[in-house]
Structure formats: structure tokens, C-alpha cells
Amino acid sequence: MTGILFDMALCAALILTGWRVLHSSDHFQAVVLFITFGLILALAWVRLEAPDIAIAEAAVGASLAGVMLLDALRVMRSAGKEHEQERRWTNVARLPSFHLFFSFIAAVVVLVLLICAVLELSGRQGGLADLVHAELESSGTKHPVTAVLLNFRGYDTWIELGVLLLAVLGILTIRECSDLRSLAPPVASTIVFETLVRGIMPLVLLVSGYLLWRGGFAPGGAFQAGVVLGAGCILLWMAGHRSLAMLGDATWRILLILGFLAFLALGSSSLLHTGVFLAYDRQYASLQIFLLESAATLSIGTTLAGLVLALQPLKKDLSQANRDVR
Amino acid sequence: MTIWDIFSILFCLAGGVFFLAGVVGMLRFPDAMSRLHALTKADNLGLGFIVFGLCLRSLAVPVIIKLLLIWLTVMLASSTACYLVGNYILQKAEDRPKEN
Amino acid sequence: MTELDSFLVYALTAVTLFALGLHSLLSRRHLLRKIMGLNIMSAGAFLLFISVAHRNGKEFADPVPQAMVITGIVVSISATGFALALARRIRKKTGLTSLDYREKPSPENHNRP
Amino acid sequence: MHHFYLLMAMFLFLTILVGLLRVFIGPTTADRMLAAQLFTTTGTAICLLLAEALQLDGVRDTALVFVILSIMAVAAFVRRLVPKDPGGES
Amino acid sequence: MMVLVVVIPFSGALVCFLVPKRVRRYAGLAAAAATSLMVILFALIPKGADTFHHALGGWKRPLGIHLQADGLSIIFLLLTAVTAFLVSVYAGPYFDSPQEEKTVDHHFWTLWLLLWGGLNGLYISSDIFNIYVLLELVSLAAVALTTLKGEAEALIAALRYLMAAMLGSLVFLLGVAFLYAEYGILDLGGLGGELRATLPTITAFGLMVFGMLIKTALFPLHFWLPAAHGNAPAPVSAILSALVIKSSYFVLLRLWFEIFPSITTYAAAQLLGAMGAFAILWGSFQAVRQERLKLLVAHSTVSQIGYLFLLFPLTVAQITGEHDPSWSMQAWTGGICQAVSHAAAKAALFLAVGNIVHALGTDRLISLRDLKGRLPLSVFTIGIAGVNLMGLPPSGGFVAKWMLLNAVISSGQWWWIPIIVLGSLLTAGYVFLMLGHVFAPSRKPVLLEPVPRTLEVSAFALALCAIFIGFTTSGIIDLLQMELHAMPVPEALAWSLP
């Protein structure tokens, strides 16, 4: 009874915050509510007994996405610089009312249809859970979610790493710079924050490694570990540490593709030996999975950090700004 | 129900009271600077009591270590966060002394 | 019975969030709101997956939807990061904060109202 | 006993719901950010209580991730505005 | 063997990411050649069950992801391989030319090879969630490629494209969630076998089809397409128009004929056909009105997509088994021929237009007059590609439209005839609009930028391919008939558990 009440409170809060995120008048309020939405969603994952996703959501929805949005909001709110080019466009003051009416009707129709469909869902206990548990022994890991991610559906994970790589490449393309070496070194932050980051970094690395190690038998794994690692890199940057700016171009590139490459290498070698792509050797499966996960962790961490860092000021921007000041 | 459980319940309740105080302060205090104080009470004491109550409940060393680690980190992070926000408010006030 | 009920609560929330996100994607102009709308839509889709996983599972939620949702979260954060980068770049190059625009404006009204 | 922790978690969740008011009414950005910070701590406490109530060990890791990354949003929030941050993707 | 068509381009992408800038172009071209060769080899090998079916990781059907190919997959793989190779040949000098100095050290090759691998992956995937991930890969790569020029128009178009693509994928994903909730499996064949006509199933069907329609840019969901295709660099426009659109169309075919054949109705098929008809008319009407060459070609894509959707109303009776299957086979041939010949012709057109823009420095239609008979090969390419789009013999486009008309007549759905005829007339209108400007007297002498020979020849080769499809009509129809027998029948592809 308590449980269902809690569920209802969670869901009501999700809908309330979701609605306010999208329809509050103030953009900053919307971003704060979005962070809160992520937090409530993480609690919902906990209630739904999906701690793996809760960890991921805590790191992504509540922290990383929040940082991205706050950064973007700050930039989009500030008055743009005029020297870039003469402005040829302006925002439309308001949309025609038939547009608003149409979108409202469309959303309501979709909502009604979806609600009917959900109510009609047969309560059949289907799913692949039993199959996963039956094959868990031979998968090389003891945690079912890791087994699905790395073994049964490893192909999806491989392509997902490709998507991550693409996102960073896309951002670099937009910024018209070839790699993260073109970033200007970070600006120094306050001493208090820097001290905190100094103190907390070992903990971040520890937690990242811990999550990676836990993934073999309990909730955790490459993605969660990677997000924590990436967040740690962003923290370092925000605190003004220059260590990341000193990584060489080759290092950046290799770190970015390491996970994708590891999957590719393992898949190809198993294709050569057994004729099956991404098949694990029964004997060494857990070791292979652990190596893959480590590579993926490094890549995911670098990539997610790259998603934020690639948007920071570039060296050429800085010199441009200095010229403008003079 | 053992004596540990009763203490655990008591500590959790105390933590709950501090969280309640935190949220009431967050709503009732007049400006952002004073609301900082409400936040720290909930962070340090509220979570502290709850962590302590849960430690009494579980009595397993790894869990207790993890719980205490969480509490310590929260104290560090939240005091830094409060410092940063406080600093930000001051700077804002310097930039635009007329506003509000 | 209670499991089924909690399944319904979450599944209905899921589709509501999806429709909310869809509505804001269609009706809000500011790019940040559109991007947040897409994120809330994906949160809705993920919630439907996991409520199904919770219903299917016995002592542990069905791991296949969990894995799919983790994959989905990665994909969604990548796309969000990319979309935000594009939005920022557009803001820098043109001063626009939405994709509904007119050409050749009077110079003073390029800032957001 | 489990019910107590679940109730406690629910109570803390209600405080979050009440605290949302502060995000809605503002008035300054700092107020809203402070409220979000309070929610993160409350969320951590809820995670810990739920971990005990549902006997899920992994949930404590969720709480751990929450706390070590909670500082990120605030740090992103207080970063200098564009004029003092020359260049920036502005 | 089959998985190599994905592995090779992905490896090539990584190599291109790591090698120094000087050799990147050659590495990219080598990877493109290797991928094309691999696809051709794969199409030529003797056909047996295990060459067309691969269990990734060795896991059984409902648990693991399986790859499978049929005739349709092979046609799309080949079409991608040929077009993509010629576009790659074009892209090398295009991106190295001094005009493109601005985008130094770009990631074109990495993005493009990842995109190609994703396309190939889509054609052989048989798992709906895997299709979702691949669709995202393809969309992100396509959007990133659109931004390569970095102009404000391109960025705006790219963001609109990204939003549309993400919306399409999310709607598709929600459909996947409904299917998983109802059936507990993700496998194409398995789902097709188990399907019941319940409300959640129909909702999933509607969601997934709608998502793919957004990505395929069927009227009226085409709002994002002209700007994105019109503002990208020439080879990227060719890739987007010729290949990326086709991938979501392919997924739509898979959904319609493999998962949901038991619940598709006559009315739904007629609706798709009607949207296609409006696309044909609206797209070509808009194309005639354009003043910019690239936008004209982009609007022509909107119109040509419409023809692809005439396939659905003309085959739906075959599924219900009410009618003579011979004409639905003609509809299939027509639809697929249209996809293939449009890919080649549209790629050729975009590349040729790219040459002209390269030479003139502008893509105003009016400035075509300044060509004064120079760049004859590119102009000739435009002519050939135009013949193809209009559907004049001898060309792939002619075969496509002829087959579609035959199917229309045999099926008695006479109302499509005026659409097809009118569409061809309007197409002729915008093709002659382009060519008319070329032969009109010029305004003033203009100094042309020299165009590298490779650019002109590769565009011309693509146009020849489009014509070649018309010359080998009977062979292609035989191939289609042989392979497509299996298509509408789920049993032939529903692999039993190993």
C-alpha cells in the first residue's frame, strides 16, 4: 500500500516537473527543473528495481545534462557578439495561433491513443528475462544487465559507442577545429572549489573503478563508470586544472576510439577463429568482457568529457578576443 | 525489534525533522543568503542522522564505510556549493547594486 | 494485483511524459525547450521499457529492457550534446534562439524578448 | 521495519515536492540553484533509505554517484559570464 | 562473411581518424573501395542459408541479435556500394580543392565511413532495437556531414534535420517498447509470426511507421529536407538524397511486409499512396519555383520520394491474397527500380550541380547562363540524370514508372495514373528549366574556376549507371523476382531456433 502511494507520488512529481520544465516562463527555472526531473527519474528507476539505470541517470540526467544545459543557457542568454557577421535574421515574435492549436490537438490525440494502448496491454509475463538467466552461466559475467550489454547484445553496444564517437566528431566539425588540442586552457577557478576538486578527484577515480569492477556481478559497469570518469574530467577542467589540456592529439584520438576499437578487434578475431562475430571464448569470457569494459569506460569517459569540453573556448577565439580588447 | 532498530528509527526521525526544517527554511527565509543556512542544516545534520540511523541498522562494515563516505562527501561538496553560490550572490550584488 | 497497478501507474506516466515532450517540441520556439522536450520524450519511452521490465521480472527486473535503456541513455545524451552544440553555434552565428525566423530584421530586435 | 524506511523515504520525497515551490517562485537564479542542491541531498537520503527498504545494494552506489557529482551543476552555474570569459562559444 | 560489410567501413573510419591528414583521402578511398568490393563479393557468392544468416555472438534467436539478408537487402547493399564508391571518388578532390580551404582537417571520411557502415548494418539487421541504434548512428552522421560547410544556413538546416531525425527515432523507439511489452521479443521474424491485431500492436505499428515517414521525408513531413539537402556540400547532398533517405524507406518496407503484414489494411496503404501522390505534385511544383539550383534538386527529391510510396497501395492486395499477385510483383519491381535509379540519378545530379557551383561560385539558377557551353560533361550529366527522373526511355526511371503504371492498370487503381503523368510533366518542367538556362545567351563573361577532371567523370559515371539500369531491365527484373518471392511471405524468412 505504501509502495503504490510512493509510486503515485513519484509519477505525479515526474509529470508536474516535466510539464513545468517545458512550460515555465523562465529558461533558468526550466533547466533547474530539468535537473530535478532527472533526480526524480533516478528515484523512479530505484523504485522499479533498476539500479543500473538509476546510477546512469544520476550521473547523466541529474549532472551531465544539467552542466550541458546550464552552459548552453548561459551562452544563449548573453547578448551575442556583433563582430561575427551582420545579422540577417530575427526570431519570430510569436507563432500563429493555429499552430499552437494544432500542436495541442496533436499531442492530445497522441496521448489518448497511447493511454488506450497502455490500458489494453495484455498482462502477459513475457520478456527475455528467463532466457537471460538460463544462459547467464555461459556469458562470462554474473550480472544479467552486463551480460546483455556486453555479450548477448554486444553488437548494439558496439554501435552505441560509434554513436558517442560521432557526437564528438560532429561537435568538432561544428566548431571547425580538428581535435581537442585546439581548446584554450581552462580559466582558474576559486581556491575553495579547486581544493574540493583536488580532494574529490581520487574519490571519483575510485568510484569509477569500483563501478567498473562491480559490473561483473552487481549493478554497475562500463557505462556508469565511464560517466563518472567523464564527469571527473569536466570537474578538473572547471576547477582550472591544465592537466587535460596537456594530453597530446594522438592520446585524445586513441582514447576516443578505444572502446569502439576494442569491440572491433575482439569481434574480428572471433570472426577469424570461429566464424562468428563477437563470440567470446568460453574459458576467457570474463577476462575478455572485463578488458572490453575497461576500454569502453575510458572511451565513454573521454567522449562524454569531450561533449562538454569541445564547447569551451578555443585558442583561436581567445586570441581573437584579445585582439578585440586591444 | 532490537534496541538497535529502535535507535535507528529515532535517528532517522531526527534526520527527517532536519530535512523538514531545511525545506521550511528554504520556503520561509527572506533572501537567498539566509536560505543558504537552511540548506546546510539539512545537508549536514539531516543526512548525518539518517546515515547514522542506517549504520545502526545494517551493522556491516562495508556498508557503514560507504554510508560514512557519502556523508563526508556531502559535507564537503555542499559546503563548497554554498560557498560558490554565496560568492556568486555577492558578485551579482557588486555588479548591479541597484537591483533588488 | 499491486504489481499490475504499479505497472499501470508508471506506464501511464510514461506515455504522458511522451505526449508532453511532443507538445513542447511542436509548440515551444526556444531551442533549449525543444531539446529538453526531446529529452523528456525519451524519458517517457525509457520509463515504458522499464515498467514493462519490472512487470516481467520475478525477483529482478527483466535485464534486456534495462540494457536497452542504458544504450538509449547513451544515444540520447550524445544527441543532446550535439543538438546543444548546434544551437549554440547558431546563436553565435546568427543571434537566433529558435528556428522560426524572418530574414532582414530591424537591427535592434535580435535579442530574446 | 521495511515499511518504516519506505514511509521515511516518502516523507522526504514530500519535502522535495514542497520545496519545488521555491524553484517555481524563485525569485533569483541563486534561490533556484539552492533548492536544486537541497533536492540532491534529499534524493541521496531517499536512495539510502530505499536501499534499506528494498534490500538493493546497488542503490547505495546511486547515492554515492549523486553526491560526488552534485557539485557539478553548481560549479557550472557559478562560472563567469561571457564578458569575463573571452571567446567562449557565445 | 555478411558482417564484414559493416566491419570494413567501420575499420576504415577508425583508420581515417588516426592517420595524418595528408594520407586521409587515400585511406578513405581505399576503405570505400574495399567496402564496395566486399558488398559485390557478398552479392556474388553462392546463396545458401548460412551465408544469409549470421547469429552474432553465437546466441540463439530471441536472445541474441541476428543478421539476415534477402534479395531486397542485396539490392540496397549494391545500390549503396556503387553510388557510395563513386561519391567517394568525387569527394577526395572535392574536399581537397582550394575552395574548401576553410574546413581544414575535417572529419569527412570518418563520418562518411561510419554512415556507410550504419547503412549497410540497417540492410542486414533483423532486430528492431538494433535498427533503432543504427538509425541514430545514420542520423547523427548525416547531420554532422550536413554541417561540414559551417555556414549559418547549413547549421540551421542541420539542427532542424537533427530534431526531425530524433523525433522520428524516439517515436520508433516508443513503438519498440510497445512491441516488447506485448510480445517480449525484438526479432523481426519472430514478431511477424506472433503478431495479433490488438490495440497496442496497432499503436506500435502506427508509431514505427510514422517515425520512418519523418525520416523518409514523405509529404507533409518533408519540412526539414530541402534546406538540409540544399545547403550541404555537394557529395554530402548526394549521399543524403540518394542513400540516407533510402535507408529509412528500407526499414519501412521491412516493417510493412515482415512484421506487420497481418494488420496492414487497404485503407492504410491507400493513405500512404495518397501522401506519396501529394509529395510528387507538391515537390515538383516547388522545384519549378526555385531560384537556387541546389534547392531545386532537393525539392525534386521530395517529389521522387512520392513515387516510392505508390508501391504500398499497389501491393497490399497481394498480402491479403485477394488479387492476382502478378501485378503486385510489377509494383515491387517498379518501386525498387525507382529507389535504385533515383539513387544513381539524384547523386549524379547533385554532383554535377556541385561541379557547376564549384566553377561559377554560386548556385543561382540564372547564373547558369554564364556557362556558355563550357563544362559540357557536367551539363550532359544533368541532362542524362534529368531523363532518368522524367522517366524517358532508355533509363532506370523509365522502367520504374512503366512498371508502376502497369501495376496501376492491372490493379484497377486508375486514380494514380494522372498523378504519375502529371508528375513526369512537372519533372520535365524543372529539368528543362535547368537546361534552358544553360543554353540561354549569357549576360556577361565570367571567369570559371577550373573543375578537376575526376569530379566531372565520377558524376558522369553515376548518370551512366542510372541509364545502365534501364538497359539491363530484364536482368534486374529477374533478379528481383527471384529474390522477392520470399519477401511478402514471413515463413520463408522466419528462421526457426537453431
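Residue numbering begins at 1 within each chain, and the chains themselves are lettered A, B, C, D and E in the order written.
Following the convention adopted for this analysis, a residue touches a chain if its C-beta (ideal position, glycine included) is under 8 Å from a C-beta of that chain, and two chains touch if they have at least 3 such contacts.
Predicted model, so just to flag it, every value in this text is computed and none were measured.
Student: What chain groups remain joined by touching if subunit B is not counted?
Tutor: Result with subunit B masked: one piece.
Student: Using the contact definition given at the top, which chains are in touch with both subunit A and subunit E?
Tutor: C
Student: Chains shared as neighbours by subunit A and subunit B?
Tutor: D
Student: Which chain's centre, taken as the mean of its Cα atoms, is farthest from the centre of subunit B?
Tutor: E
Student: Count the C-beta contact pairs for A-D and for B-D, then tell me which is higher.
Tutor: Between A-D and B-D, the larger count of C-beta pairs in contact belongs to A-D.
Student: Could you tell me which chain lies farthest from subunit D when each chain's centre is the average position of its Cα atoms?
Tutor: E
Student: In angstrom, rounded to a whole number, how far apart do the mean CA points of subunit C and subunit D lie?
Tutor: Using C-alpha averages as centres, the distance is 20 Å.
Student: Hey, how far is the Cα centre of subunit A from the one of subunit C, in Å?
Tutor: Chain centres of subunit A and subunit C, defined by C-alpha means, are spaced 13 Å apart.
Student: Rounded to the nearest whole Å, what is the centre-to-centre distance of subunit C and subunit E, using the mean of the C-alpha atoms as each centre?
Tutor: Distance between chain centres: 28 Å.
Student: Return the distance between the CA-based centres of subunit B and subunit E, expressed in whole Å.
Tutor: The mean C-alpha positions of subunit B and subunit E differ by 57 Å.
Student: Indicate the residues of subunit D shared as contacts by at least two other chains.
Tutor: Those would be 16, 33, 35, 57, 64, 68, 70-71, 75, 77, 89-90.
Student: Which residues does subunit C have that touch at least 2 chains other than itself?
Tutor: Only 11, 18, 22, 31, 48, 52, 56, 64-65, 68, 71, 75, 78-79, 82, 85-89, 91-94, 96 qualify.
Student: Spell out, as numbers or ranges, the residues of subunit E touching 2 or more other chains.
Tutor: 129, 133, 136, 140, 143-144, 147, 152, 155, 174, 178, 180-181, 184
Student: Within the complex, which stretch of subunit E touches subunit C?
Tutor: Of all residues in subunit E, those touching subunit C are 129, 133, 136, 140, 143-144, 147, 152, 155-156, 158-160, 162-163, 166-167, 170, 173-174, 177-178, 180-181, 184, 186.
Student: Report the residues of subunit A in contact with subunit E in the complex, numbered from low to high.
Tutor: Checking each residue of subunit A against subunit E gives 85, 88-89, 113-114, 116-118, 120-122, 124, 126-128, 131-132, 135, 151-156, 159-160, 162-163, 165-167, 169-170, 172-174, 176, 178, 253-254, 256-257, 260-261, 264, 267-268, 271, 274, 276-280.
Student: Using the touch definition from the top, list the residues of subunit E that touch subunit A in their complex.
Tutor: That would be residues 3-4, 7, 10-11, 14, 17-18, 54-59, 62-65, 102-107, 110-111, 114, 117-118, 121, 129-130, 133-134, 136-137, 140-141, 143-144, 147-148, 150, 152, 155, 174, 178, 180-185, 198-200, 202-204, 206 of subunit E.
Student: Under the stated contact criterion, what part of subunit C meets subunit E in this complex?
Tutor: For subunit C paired with subunit E, touching residues are 11, 18, 22, 25, 31, 34, 38, 41-42, 44-45, 48-49, 52, 56, 64-65, 68, 71-72, 75, 78-79, 82-83, 86-87, 89-90, 93-94, 96, 99.
Student: For a test of understanding, state which residues of subunit D touch subunit A in their complex under the given definition.
Tutor: Interface residues on the subunit D side: 3, 6-7, 9-10, 13-14, 16-17, 20, 23-24, 26, 29, 32-33, 35-36, 39-40, 43, 46-47, 50-51, 54, 56-59, 61-62, 64-66, 68-73, 75-77, 79-83, 85-90.
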